[in-house]
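The structures considered in this document are given below.
What follows is chain A paired twice: with chain B in the first complex and chain C in the second.
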Partner chain A sequence: MCQVGEDYGGPGPAELQPKLPWRGDCFKAYYVHKFRAMLGKNRLVFPGEKVLLAWSGGPSSSSMIWQVQEGLSRESAKRLRFVPGIIYIDEGAVCGQSPEERAKTVVEMKLILQTIAFPYHIVSLEEVFNLPTSVLQPVSQGPRGFENTYKEAVDGFIQQQQQQQQRAPEEGGGEAVLSDEQIQEKLRQLSTQDPVGQEEVAGDSLPRPAQTTALMTLFSSVKTLTAREELLQTLRAHLILHVARVQGYTKVMLGDSCTRLAIKLMTNLALGRGAFLAWDTGFSDDRHGDVVMLRPMRDYTLKEIAFYNRMFGVPSVFTPAIDTKAPEKASIHRLMESFILRLQAQFPSTISTVYRTSEKLVKAPRNGDAAGAATARCLLCMCALDIDSTDSATAFGAQTLERLAQKLSPAPVLPTGAPGRPCCTKGTRLQPGCCRDTRPSSEREEPRASFIEQLCYSCRVNMKDVPFLEPFPPYILMESQCRSQRAWEKQEVQEFLFEESEEEALHPLGFSPQF
Partner chain B sequence: MPVPRCSGPCGGVRPAALRRPRTGGAVCRSCFCNAFEAEVLSTLQTGRLLPPGAVVAVGASGGKDSTVLAHVLRALDARHGLALDLHLVAVDEGIGGYRDAALAAVRRQAGRWRLPLTVVAYADLFGGWTMDEVARRAAQEPGRARACCTFCGVLRRRALEEGAQRVGATHIVTGHNADDMAETVLMNFLRGDSGRLARGGTLGSPGEGGALPRCRPLQFASQKEIVLYAHFQELDYFSEECVYAPEAFRGHVRDLLKALEAARPSVVLDLVHSAERLALAPAARPPPPGACTRCGALSSRSLCQACALLDGLNRGRPRLAIGKGRKGLGEEGEKQSCTSKDSSGGPSRAGAIQAF
Partner chain C sequence: MAAPVSVQVEFGGGAELLFDGVKKHQVTLPGQEEPWDIRNLLIWIKKNLLKERPELFIQGDSVRPGILVLINDADWELQGELDYQLQDQDSILFISTLHGG
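Right after this comes the complex of A and B.
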């Protein structure tokens, strides 16, 4: 009998958890309510804001899009009030699909996208080779802590929108400082076209073969499936971020369900990402500053989503993932997934327990370390670095000791790059070892060492499985060079700088809070 | 395939005897043992775990971890003059067919190394309750797992504390290795134990409210390397697993960890690193420690967990202190403290813990 209603009238009961049979309408009400409650409780989406929905074709993200569509429709009570767009990333190249299969999948996607009247962007993963280095640079949000209430935040947002519209009246969204031509240029780089009205027609849907080859070279050079998965997630996140920024979306909704997030949490623990669990699995992920990633489906189990999709005919498309058909022991992700699902069968509260524990995680450095703004960010995952090279009473310290003990000769010291006696006179050509070559010698001799220094613990562990840096997309390599150059320059002038006082760090504009 | 030369500090003088599991480098026996001992020393020094002059109670179970721990501490003390006064403290949980043989191994070690040995038995300390008796009681509740390890773990820590105080120790060391730490963090997430997650992670506890400071010098050493070290030093230890081990939840996690290690060898240290960096909400952290109203031990509630568990056992409700909702704890205990045998015919329960 239905848990909520007393009668037996509706479509057959669905057994979702033991002791909780549902009738169809009650289930729908419960399902829709959860979605609204998740958005309403967190109060992060402002009316009129542009929100990008990331769609993989799978059941969770399809369900999410369906919920948004229903929520925006005129008939729904208290309808949602944001402006959605959809992004689909074609990862067929790394998942072993041929160009024909990819084209077929894209056609299937478009059929569904056309029934949903939102603007959409179909982007292939090869586009990472065209990304600018600005993707890797965190955007600071300025003095944030004083917008306490939701109302104030909404007012602030609306003010911002009005200012943008005054500056650029001919376009509805987009970055305020970019003109129309600049937007078109960026879009050409992404080979999509500017949305005119509601429909969007993707440009050349297949990327250039050279880029596909470059992408496949990169992924096949990675030795383990675990590292390949992580790399794919990183590149995907960068691509979504870039499209969101260019098109003026300030929020991105990801379709991760409760089940997937529980698995992701345990997997990230095993990958060494314990410091970042709140960002990786929490409702909101604000590591990029201007674009916030949200996870509105995080309260739904896969089972609930599957039932809903079946009962209400939510369309989805199956696409192979990078680890489809891989053996169970092939990667940490697969192992953890099968472990959790097996354990769930034996102890039915496993996933909800992990979920509840994940809600207790906070986005703060442990033991209240230095203010977040000052710490460096990882080059790839853009979280604050969690490595403290001075404290060797840690797991990281123990590993460093092992590595040093293993070498016969002492490890190459990363020099400050200060030139010694001049080795040449003016007018001679610049040789690599020359005193006038002002790049740090670590970069000259070992670009990989300085690259690794810019990564967090788990990205470093992944890089052990990546033997060569060259196949990486240019934006990553350029940003790495830029950062090491900047670090070297700072070290050069370190002795002349005054230390930034604590007060200045908290109030960069010199304003003190009014209490 | 020819055996490679050692890649350690000896410079390839000797042929390699093993490949280090975590780093994959081939080393000879003496380079490996030296490196292993150097790493333990580094853990002790950088964490400032054992100051000179410390009286150290080594929790000795007869198993490989505590055997290696005692051996390494002894060697480091002799070689580097750490000025440590080492005592072996063994705990007799009363598990027939297992603990007796393990204790025999500890006695042999104590004789060989000429270290003082103290044995603390549950039966003496906890009013006649042995683990076998506890297991029999807990098994009476149908349909649920026995949770023997829950009882044993809590009571053992209490017993270790008692033993350490008997020998006048200033520090307690245990042989937990990196694999144990990794399993613990996975288990804590799977069981939702946010209190332990918030508390744990690094170098043991500093010793608050009268409890002795505890540390784990082997906590960055992998289990495989401990076994290799014991093999190369030809140490005599007891290697069977506890009779109740197959029922333990930790078994699932142990299998998972083995499989993860095959996929990525560094996963154990990666998990330890994750555990060190967890950031939990302040509300999830345990309340500041006080003292148990019955035995005076360190406790965050009015009754310490050992007293609470024993209370449950004595009242014929073994699961009273396990899980949430401990209503009814500590109420009846005061009224019935005079009787020597309770109604269900269990061992006498004069109070909770008998102090010396």
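Right after this comes the complex of A and C.
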């Protein structure tokens, strides 16, 4: 279609795929179309829904916001129909930036955000120290027939729009689905306000120095860059989730590009997250239940994004990341990035092959799950726990055995209170360390051991590089304690529960007698 | 004998970090025996402009994968990559695509 030498009057040509030079206008049409096709094909964003756009300042997320802005401003029939907001997380503390540098970056970000005129939330990573434990608890979403509901919603929306145009403008309040005009009005109102949510942003001031120190302590206690990057991603995800929940956003859009996702897929395989690839690299990630993470940029290569941004003047701000200027072998992420990119230079179909493969990954339904009992989730990444600790043939089983072997002779622990006298009265809540605590002493003494128990395989591997639990934000430690308390209590009452299986009936004490 | 060539070299997307944060450089390449092409330009940049960590910018005799090169706003792959002969007043832009998301 577009050959080198033909003049379409647009900006200069570019070779984005092998042997396929593009001219400016065709490229723009192709680029915009991809974005809308991605959203339209997946049918997950409903009209009038509030969608939070995660912006890092980098080229991919900037391009995404630009596409959303263009999409919302088109003529009515083809207009994108959701209500956007933007979140920017200031991670300067862990990337080695001084408070002055961070303030300067935030000012630059604000300049751009103000031209975009969507409501925005600027949050610093230190806010993780104020998060509630509810962030770690997935909310179960009721079953939805996606296809029908989406079509109905869109039809209803269009119908309503037509009715709105016929009726007088003063009417029309109280409908569940926002009309087009209402969306525009809402955008106008919200864009004149400063970021809402007083508990997250204290105006223009930077976070409290104590929290910055706590955050830096946490990250400097982590021994490897790999574990640090994983921890940063986890905390960032929790923070975005919390802001989305508090502000009423039901969807979050992330700016991960095709190149990034191909690298992420291979990196996650190396990190032991093979079971969760569909969630980590797919278009939609519904592990949190009520808030769904989307990746609308997953069809664009970094090269396309860079070209588009350059040609059409999309503003972006460069901020150093945690691995800026790190040597090639500093972390698994870096290693995989240079591996994939170098391979791509010689074999230009590498990234698209990895990408196509990732598209085929399907989220496997858990056995016997349905709407019933929730499967246990990893404390940090909130994916379903993929472990079978009794099977020593798996890497996981081997890990568990190794850990147990290290605890052959734990130091004996005296129960609290004088010997011979119980330390608690009947009816008080059972506490770990109490005289009635019948757990093995290794578990009692080590909150770390029970913390590790609550993680999936790859999070456990990461924890090997994190020597201390104390610097973790309170919400993680509290939730961990809560879960192990609950598990312990459940174990205690297990023998008194009537189980449905035959096995339990035969062995009322809850364990099989040794023959 | 190649005449001196005056070009504008620009860095973006984070690549400027390796050049003291300076994005635009107006450089005059001295006259020399061989004609100025991108290959020689890279060697010149490494010697004269690059302040630190050369391996993050240059790999072998080309740029590191992930760094986009635009010659007069056009992809260098369409113009011969390293063999493109520099003309006076050309604009060479190096964008690191690896930063941010």
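Please note the rule applied: the second predicted complex is superposed on the first by the 367 of 515 C-alpha atoms of A that agree within 3 Å, B and C clash if a C-alpha of one lies under 4 Å from a C-alpha of the other, contacts with A are read in each partner's own complex, and residues count from 1 in each chain.
Keep in mind that, in the parts below, a contact is a pair of C-beta atoms (placed from the backbone, for glycine too) under 8 Å apart; a residue touches a chain by one contact, two chains touch by 3 or more.
Because the structure is predicted, anything quoted here is derived from the model rather than measured.
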* Asked: First (chain B), second (chain C), both or neither: which does A:58 touch?
  -> second
* First (chain B), second (chain C), both or neither touched by A:303 -> second
* Would you sort A:339 into first (chain B), second (chain C), both or neither based on which partner it touches? => first
* Would you check which partner chain A:221 touches, where first means chain B only, second means chain C only, and both and neither mean what they say? => neither
* Asked: Looking at the overlay, does A:481 come into contact with chain B only (first), chain C only (second), both, or neither?
  -> neither
* Quick one: classify A:137 as touching chain B (first), chain C (second), both or neither. => neither
* chain B versus chain C as contact partner of A:233, first or second or both or neither -> neither
* Asked: First (chain B), second (chain C), both or neither: which does A:354 touch?
  -> first
* Asked: Is it chain B or chain C that touches the larger share of residues in chain A?
  -> B
* Is there a shared patch on chain A that both chain B and chain C touch, and which residues make it up? -> none
* Quick one: in the complex, what on chain A touches chain B? -> 224, 226, 265-266, 268-275, 277-278, 329-332, 335-336, 339, 343, 350, 353-354, 356-357, 360-366, 386, 391-399, 401-403, 405-406, 408, 457-458, 461, 464
* Complex contact set, residues of chain C against chain A -> 12-14, 16-17, 52-53, 55-56, 65-66, 68, 70, 72-75, 77-78, 93, 95, 97-101
* Asked: Tell me, which parts of chain B touch chain A in their complex?
  -> 7-9, 11, 20, 22-23, 25, 35, 38-39, 42-43, 46-47, 178, 185-186, 189-192, 194, 197, 202-203, 220, 252, 256, 259-260, 262-264, 266-267, 269-281, 283-284
* Structure fact -> Interface with chain C, chain A side, in the complex: residues 4, 11-16, 21, 56-61, 254-257, 259-260, 302-303, 305-307, 310-311, 316, 318-321, 324-325, 327-328, 337-338, 341-342, 344-345
